[in-house]
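Next come two complexes, and both contain subunit A; in the first it sits with subunit B, in the second with subunit C.
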Partner chain A sequence: MQNLLIEKTNSTPYINFNAVSGVLQIKGESFPENAAKFYNPVMEWLREYLDCTSEQTTLDFEIVYFNSSTSKIFMTIFDVLDEEVKNGKKIVVNWRCDGENETAIECGEEFEEDLRYLPFNIILF
Partner chain B sequence: MDDSLYALYQELKKKKILFCYSGPISQTSLEGVGNTLRRNLEYEEAGNKATLSVFSIFVEQVHNILNYSAEKLGYGEDIDEGLRFGIIVIGREENGDYYVYCGNRIYNTDIPVLISKIEEVRRLNKDELKSLYKERRKMAPETGRKGAGLGLIEMARKSGKPLEYSFVTINEEFSFFSIKVVVRR
Partner chain C sequence: MDNIFSREEQIISRAEALLGTNSFQSAKDASNYRVLLDEYKILLRQMMKIVKMADKTQLDLKIVSEKLNRLSHIDVLTGLYNRRYFNEAYVKEWNSAVRSQKELAIIMIDIDYFKKYNDTYGHLQGDECLKAVADVIKKAVKRPRDLLARFGGEEFVVLLPETGLEGAVSVAQDVLFLVNGLDIEHAASPLQKKVTVSLGVAATLPQNNLAKEELINNSDKALYLAKSSGRNCYKEY
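Showing the complex of A and B:
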């Protein structure tokens, strides 16, 4: 399947989902006017990818700021992955943030609290 | 030529208003102004957390105007293409706290629902707001809405003080709604 590459804009992150390496990267800031619309192709790609892969998958999130409607989309992504891990898939999330960005660290912790099976690492740099 | 603009400028300075915008607003203006606002707060050494809180409340407020203002132009088939009108003020309280203060027209028929949503959030403490936020985030999205219904809770969490709001009746159809969110410095 094709890789998914979306360049960053002033309100949306850089997205690079590589189906071959299994590394899915989201980096930047996210506050689009219509988050559901922006992330729709991302969700579609992810569902298709999960249907056909059995390899180790790593999601790298490096998000400085995201708005509340993006937060809902991220939770949906993590819920999908949580279910996949429950069913035996090898997936890990790395939530990368600046050690001085208290808000981003707390946001990562709040996602982690709501997941049961998905390994969720908060990595400070 | 009169000097009313200078009077307005002085008035804004006196009231410690660092930013004021009234008129048509779009996602593009949010991005530009948001960036400038963050740089301004950095110069003022507001601190990372306060800067991000003010920015975050600003984004949620502007998105509320874009989603709900009843004053609009040019809306056709694509709902993302139009302009919505509102007013946004960012300033400092006497004690140095920041505030983000926004207003827009709304339909009178939408007032009861809006009041109940704000009052629900106003009643909750920090931990209760966190639980409600997480509960709503887990729920399936409401159809026909652009927002996730999390904006008010997000603002209350970033503020740490109860949201303040008011309605002024314009006529039989419309009222002017305003909401003020304070960020402790």
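Showing the complex of A and C:
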């Protein structure tokens, strides 16, 4: 399976999903005009990847700023992953944020609150 | 309303009630209804979270934007308003004075022999001198609407709404007195070896047909007069 690499722009994050290492990275700011359109290929790649992997997968989120549409997409992703972990997949999410960015930390906690199976680590730097 | 989602919650209560009344034609219908209701609850919870996060982010942005706005108006060294803010405020006060037909006055203040001060004591002490002078001018400018700004390097400007020449001269005298009272040593100054200022005072009754810059130019001319008449004094124009 091919890796997914999307360079960052002013309004969209850097995305580097590596199917071999199982490290999926999303980094930067996310306020695309059309979040569904931007994240569609990302979601598709993720679904396809999850269909064929049984290896340990790590999702690294390092998002400084994101809009509401993006938070909806993230919730959808976390729901999918939660379900996968329930069914036996080994997945971990790392929500990385600046220790001084209270909002980013609190948003991480909001996401974490609704998950039942998916390990969700808030990692401060 | 203690909750912006009270209508959504009412819908959930009604649906729960409906499930409790056994009014479904079959157990399967009831069970499908239950599944949909649970989905709805999850999605509503998501929506509440999204709104909460958005509110928080928007508040952050608002605070940052206010901070930037403040920074863009303030001179970092002296804490006074900067030239940009003065220009904006000046146009507003001018227009307001045209409408109210009240006088507007300006005092232009310049530290005497400041270049020599910097050459003698270095730029860091020059900064301290600027701060000290800015602080005493602040004391002389008392009314809430009066505006004191750093106009340039060692130049300050005071904008006095609803003030004629006489009132402005009184403020200029206070500034002169207070700066002299600071007693900052200035070995390279021929004026009693201490830091002094020169002031140019001008006032006018703003009219629509007058150029806004005229008043500023006049206070500049008055400052020039003060400089050429020996400094450490004020002149009117």
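The criterion applied here is as follows: the second predicted complex is superposed on the first by the 125 of 125 C-alpha atoms of A that agree within 3 Å, B and C clash if a C-alpha of one lies under 4 Å from a C-alpha of the other, contacts with A are read in each partner's own complex, and residues count from 1 in each chain.
Note that in this section contacts are C-beta pairs under 8 Å (C-beta built on N, C-alpha and C of every residue); 3 or more make two chains touch, one makes a residue touch a chain.
Just so we're clear, the structure is a prediction, and the values are computed from it rather than from any experiment.
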{"item": "Touched partner set for A:T103, first subunit B, second subunit C, both or neither", "value": "both"}
{"item": "Most subunit A residues touched (candidates subunit B, subunit C)", "value": "B"}
{"item": "Which of subunit B and subunit C A:D114 touches, first, second, both or neither", "value": "both"}
{"item": "Touched partner set for A:E33, first subunit B, second subunit C, both or neither", "value": "first"}
{"item": "Partner chain(s) touched by A:P13 [first = subunit B, second = subunit C, both, neither]", "value": "neither"}
{"item": "Touching partner for A:S68 - first (subunit B), second (subunit C), both, neither", "value": "both"}
{"item": "Shared subunit A contacts, counted only where both subunit B and subunit C touch the same residue", "value": "65, 67-68, 71-72, 75, 103, 110, 113-114"}
{"item": "Touch list for subunit B against partner subunit A, complex", "value": "27, 30-32, 34-35, 48-49, 52-53, 55-56, 59-60, 63, 66, 80, 130, 134, 137-138, 141, 146-148, 150-151, 153-154"}
{"item": "Subunit A to subunit C touching residues, read off their complex", "value": "65-68, 71-72, 75, 103, 106-107, 110-111, 113-114"}
{"item": "Of subunit A, residues touching subunit B in the complex", "value": "10-11, 31-37, 65, 67-69, 71-72, 75, 79, 100-103, 110, 113-114"}
{"item": "Complex contact set, residues of subunit C against subunit A", "value": "42, 45-46, 49-54, 56-57, 60"}
